[in-house]
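These notes open a run of structures that come right after.
Two complexes are shown next, each including chain A; its partner changes from chain B in the first to chain C in the second.
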Partner chain A sequence: MTTRDLLLTAALVLPVALSAQERWTSRNGNVSFSSSTPMENIEAKNNKVSSIYDASRGEVVFVVLIKSFEFEKALMQEHFNENYMESTEFPKASFKGKVGGIKPGDLSKPGSYAVTVTGDMTIHGVTKSVSTSGTFTADPTGRVEASCDFTIKPSDYGIKIPGMVKDNIAEDVKVQVRIDYTVN
Partner chain B sequence: MKTKSILLLSTLVLAIGGGSYAYKEYNRGVEDASREDAAAALSAEQLVNEFKADEAASNTKYTGKIVEVVGVVKSVDGSTLVLSAGAEDAEVSCSFESTPMVRTANKVTVKGECAGFDALIGAQVQLVRCAIVE
Partner chain C sequence: MKKYLLAIAFAGTMPALHAQDDLLALLNDSAEVKAYSTASWKSTRVINGHSTENTAHGVLDFRIGHRFGFISDGVSEFFGLDGSTVRLGFDYGITDRLQVGIGRSGYEKTVDGLLKYKLLRQCESGCGMPITLSLVASSSITTLVKDKLPWYEEGRTDYFTHRLSYSWQLLIGRKFSDGFTMQLMPGVVHRNLVRYAEEKNDVINIGIAARYKISKRLALTAEYYYVLPDQLAKPTATELANDPNAGYKNSLAVGIDIETGGHVFQLHFTNSTGMFERAFITETVGSWEKQQIHYGFNISRVFTLHRPKKG
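And now, the complex of A and B:
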């Protein structure tokens, strides 16, 4: 093999090998939220969240189907879907943004990486710019977990809470995101 | 006096009855769709293909409605059953209350409420409150 052949092979193989390491996906991520007031606590979880983290571009995307949030109480689930989220009209929430504080290739080394996430959140048909922080954790087996906690105000997304139940639903709803990514 | 006590008694009965109804209603658990009528019956592949072709129209047609879906079991993970829907990355993901008793590669019919379509990775229709029909 000549040097030229070697270089050519390297040029062909390397980008494939690198890009193969840079796209992380999940189809069963978890997003849960909780609202706590002196009147009552409301919790729901969704374990069908899909997400792509493209490390080479530093971009992350999430898609969440609203009706896939599961509640303990049927009435809460019905009110959430029918009255507040209007999930038949707006079935999806999504986020698309940039991840900062981490370099391509970092996740191939075990460790915990603090990141910033900035982008557009769409809920109930309303899009807002949001910014928060999170963590990527790569374990020695190559598993990567992303976690992120933040709060949202239903009123920012045009979600109307009737006066009668105003004391039962928090103004700031806590959201927890946990995604187990696999590389592909 | 008699009328008064009858009134008082009936008010009490109503209050207790109403109160216990409200309490029961408030604590009512989420039920699966087995006792509800299905608005449509089709194969997993058909359902995913309709969403792929026109998501908005399919949301109007299926999302929030009870559907009966026939398909081959691709996987069961905890309380989630996934049906194959033609293409390799096409599937119907069904949420149950507990682990459904089905075998991978078997053909099953699932009844559930359609939650919509997620096309970020492949093509996936999600169903909630699922029950095995057969």
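And now, the complex of A and C:
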């Protein structure tokens, strides 16, 4: 094999290796939300959230299975799926966006990085552009945690809340995202 | 040079490969998680009989079943609204698949107990089971005082065991779409004591039930129990002379389910008076043709007693 061939091979293989190195994934991320009104507090947790953060491209995606949200009351969970999210028709919520304020390679150094996230959120079959801020925290062992808090309005995503329960469900629902990424 | 061309061609495909691995598509392909069908019915009862729904783990369901008198009783009885039969019951989910319950009916002052277990669960994604299969076992005991028992005779010993009856049912159900669910319920009712020698102690029956959702909170329901022939007592000649329609009938009920937050209201018409298996499967006397129909309702209210830790 000549030097030329070696260089050629390296040129072909390296980009793949590099991008692979900068891709962080999680299958058991947490997304929780809470709605609080004087009448009732509602909370739900989902710890089966999948996400990929591709640092080299500055891109992040999430897929959230609606049926995996767990409520304290079984009946709430049933109503959430059946009456509001219509999870048989719309089984997943997703997000695809760009991460700003962080450079490729930053996460290999321990520290906390404030980032901005901008992209398209799809819930209940409706896609909206959203923008929020979050934090990436890399610890010395190489673990990376991403966290992000924002609010959404069910009405923005075509989720109808009948008058009967209007006082029980907040207009702004607080969403909390916590993802432990591993590199792959 | 050939090698170079090959390399360039190969390199040319690289961006294409890269673009193809759209991150969202990548996640969507792998995010298939096992999920079972839920909310096939609004309640654990279709109308009189059981549906494939269970009370969830840690949930207590307080149920009031109420049947007015026969509509055929006419204006003097306010078309049945003057009369009433009630069953009060508590059901509890020991796990998401095992439900126990107890009830007390005004009908022959009966106490009943039940156990329902989901053997198979219909799968929605990530697995292949097409049906839900449940087993319902129940027993009932008549607590009437001795001389009020239907089989009471002067000098006859009142054995405790004579007051008992049992029912076993398999519920084979499928949620065909978000709005439409159907189930078949083959079963057997065992009565320790029957009134006539020609009656069978074990009564084989099969039920069929369906629901159709007309909106998110309203659903139409119907159930029919067919008792295989020559198992129940035939009416005697005198009974027939008094009422050509005498004799036991198959149970038919049609209704509407209304869901309001924590309650489910079930409003219906049925020719059955009792609200436990022995009563509505083997002792239905009302005839739909003769308007011997009860207007009735069930109210279900759930309380979360215990919040199971979920993994």
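Quick notes on this one:
Going forward, the second predicted complex is superposed on the first by the 165 of 184 C-alpha atoms of A that agree within 3 Å, B and C clash if a C-alpha of one lies under 4 Å from a C-alpha of the other, contacts with A are read in each partner's own complex, and residues count from 1 in each chain.
By our rule, contacts are C-beta pairs under 8 Å (C-beta built on N, C-alpha and C of every residue); 3 or more make two chains touch, one makes a residue touch a chain.
These figures come from a predicted structure and were not determined experimentally.
The superposed arrangement places chain B and chain C in clashing positions on chain A.
Once the two structures are overlaid, the count of chain A residues touched is higher for C than for its counterpart among chain B and chain C. Shared-chain residue A:Pro91: touches chain B and chain C both. Once the two complexes are overlaid on the shared chain, A:Met164 sits against chain C while remaining clear of chain B. Touch criterion met: A:Asn83 reaches chain C, while chain B stays clear of it. By the document's definition of touching, of the two partners only chain B reaches A:Asn28; chain C does not.
Contacts of A:Thr151 after superposition: neither chain B nor chain C is touched. In the superposed model, A:Asp54 lies in contact with chain C only, and not with chain B. Touch criterion met: A:Lys73 reaches chain B and chain C at once. The superposed model shows chain C running into chain B at a single listed stretch; among 7-15, 25-33 or 241-249 it is 25-33. Overlap of the chain B and chain C interfaces on chain A: residues 48, 50-52, 61, 63, 65, 67-68, 70, 72-75, 81, 88, 91-92. Considering their complex, residues 25-31, 59, 63-64, 77, 80, 93, 95, 113-118, 120-122, 124, 126, 128 of chain B touch chain A.
Partner chain C is touched in their complex by these residues of chain A: 5, 8, 11-12, 15, 19, 48, 50-52, 54, 59, 61-63, 65, 67-68, 70, 72-75, 78-79, 81-83, 86, 88-89, 91-92, 94, 96, 162, 164-165, 168.
Every residue of chain A that touches chain B in the complex is listed here, in rising order: 25, 27-28, 47-48, 50-52, 61, 63, 65-68, 70-75, 77, 81, 87-88, 91-92.
The residues of chain C lying in touch with chain A in their complex are 3, 7, 10-11, 14, 18, 23-24, 26-28, 30-31, 33, 35, 38-39, 56-59, 93, 124-125, 178, 216-217, 260-262, 302, 304, 307, 310.
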